[in-house]
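Alright, structures below, take your time with them.
Below, chain A partners chain B and then partners chain C, in two separate complexes.
Now for the complex of A and B:
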């Protein structure tokens, strides 16, 4: 059972690595951000698999942090976009 | 091999399949928004299946609950991020449609 979980984590690492190719090819910045999102989700899944396989439950917190950082990355991309408004209501250029 | 292990293998296997579908979709789809669709939907489903598969394997109840919390956070984060990126693409296309 443990070996199956480690194997699944390894395969998932391979998949997430392949998904990163989109970060290199991606014409638009949005494509590159999507690869970063994939890191958050895929990395979190890998952390969960390894946490359960090795029995170290602290690794689940790593998955939590990865998911949080992926969300912040998407917000950072769209924060100063022209056409949106600043928090105090003043429009962006 | 007791039933729990078989359930875990089936659920984690299904999760891996959906991750594969999401990653292939991210790489192969022609348009930015369709890639975003593939990524947000398929990977989330894969993550959910993996968490479902890992629940019976977790050593104690607290870590099982933490698994569910991580899944909820990923659901909320990915849904919000998908909308944000879609809005970003929309605004960018309105500014210079040639891109």
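Now for the complex of A and C:
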């Protein structure tokens, strides 16, 4: 069972790792960010699998933090899209 | 057989890191940096360093990414080609980086025999303090002075950012963090996520005494939730002249210092705790520090004041 869990974690790592191709090719920043999002979700799943396989329950907390903050980075990308002005009159490049 | 997934992870980290350095667009490089942070956090999991993995996931994946993306948005755009440095600079940078990498690799590949470690002694005395997490014991008891100075540096960093405020805006609020298009989805997220996030942040701080977790991770999660609310335009960043804000910024270091000086009377000296009260003191210091870290990180991302005080 433990081998199966580690195997599943490895498979997930490979599959989410393929998402790096999207990070490199892009072309838009949103496409690249989607690869980071995929890695955040996949990373959470991998952490959960390793936590169960190794019996170190603290690793579950890492999955928790990854799940919580993965969405956060995507929101951050909406800051400062080029060519817009902020309502307080400050030019936003 | 078990080596293969680890090798794949190393390969992924190297690929993402090289791409991050090589890519020309600033924002793409920041996204690459976030990806490297996520992968590194998995690497720390594989090395059984759960505390480091948590920090990397919270700070590398979340807070630093936002900080850098906001910096990108504020910088004047320049065509990518015009910023190429002199070739000699390239070679020098490459050489220095290679020396550092080779040095680190040498230390890892050829360790000192017998390995110089204080881990057995640190673990042997843990019982006296009543804490279960060796990392917290080292951070807040054995090497408390380092941790104290580290928090003071955070306050100095915030003062540094605030000194960039133009004269006429001093005391006012930082520029709004709101996203360009106000979106219902973002508002919903900013209303649903923070209650959960605040619980997880407090949990990480509380848990830090006995299990992996701690002030910095918890404080970062709290800061992230506050920033999310500001980005969704539910709250504006506070004016930097507010006394409550400034008190919160110095609360952690002040409580830490008070606990430190109290050590002269109730224990053996600066930053030492009497065994019977070690755990309550450390938990109180941690709670105050987490609050200060959350406020400082939030205000660091918000940046210097950009509006006149009302």
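Points to keep in mind about this one:
Keep in mind that, in the parts below, the second predicted complex is superposed on the first by the 79 of 93 C-alpha atoms of A that agree within 3 Å, B and C clash if a C-alpha of one lies under 4 Å from a C-alpha of the other, contacts with A are read in each partner's own complex, and residues count from 1 in each chain.
FYI, contacts are C-beta pairs under 8 Å (C-beta built on N, C-alpha and C of every residue); 3 or more make two chains touch, one makes a residue touch a chain.
Small disclaimer: the values here were computed from a predicted structure and weren't measured.
By the touch criterion defined above, A:8 reaches chain B but does not reach chain C.
In the overlay built on the shared chain, the residue A:39 is in contact with chain C alone; chain B does not reach it.
In the superposed model, A:49 makes contact with chain B only, not with chain C.
Once chain A of one complex is fitted onto chain A of the other, the partner contacts of A:68 extend to both chain B and chain C. Once chain A of one complex is fitted onto chain A of the other, the partner contacts of A:22 are limited to chain B, with no touch recorded for chain C.
Within the superposed three-chain model, A:78 lies in touch with chain B and with chain C [touch as defined at top]. Put simply, chain A uses residues 33, 35, 40, 61, 64, 68, 70-71, 73, 75, 77-78, 81-82, 84 to touch chain B in one complex and chain C in the other. Considering their complex, residues 6, 9-10, 13-14, 17, 20, 23-24, 26, 29, 32-33, 35-36, 39-40, 43, 46-47, 50, 56, 58-59, 61-62, 64-66, 68-73, 75-82, 84, 86-88, 90, 92-93 of chain A touch chain C.
Only residues 5, 8-9, 12-13, 15-16, 19-20, 22-23, 26-27, 32, 35-36, 39-40, 43-44, 46-47, 50-51, 54, 57-60, 62-63, 66-67, 69-70, 73-74, 76-78, 80-81, 84-85, 87-89, 91-92, 94-95, 99 of chain B touch chain A when the two sit together in their complex.
Residue ranges of chain A in contact with chain B, taken from their complex: 1, 4-5, 8, 11-12, 15-16, 18-19, 21-22, 27-28, 30-31, 33-35, 37-38, 40-42, 44-45, 48-49, 51-52, 55, 57, 60-61, 63-64, 67-68, 70-71, 73-75, 77-78, 81-84. Contacts from chain C toward chain A in the complex involve residues 2, 4-5, 8-9, 12, 15-16, 19, 25, 27-28, 31-32, 34-35, 38-39, 41-42, 45-46, 48, 50, 53-54, 57-58, 61-62, 65-66, 69-70, 72-77, 175-181, 183, 186, 189, 193, 196-197, 200, 204, 207, 211-213, 217, 221, 224, 227-228, 231-232, 306-307.
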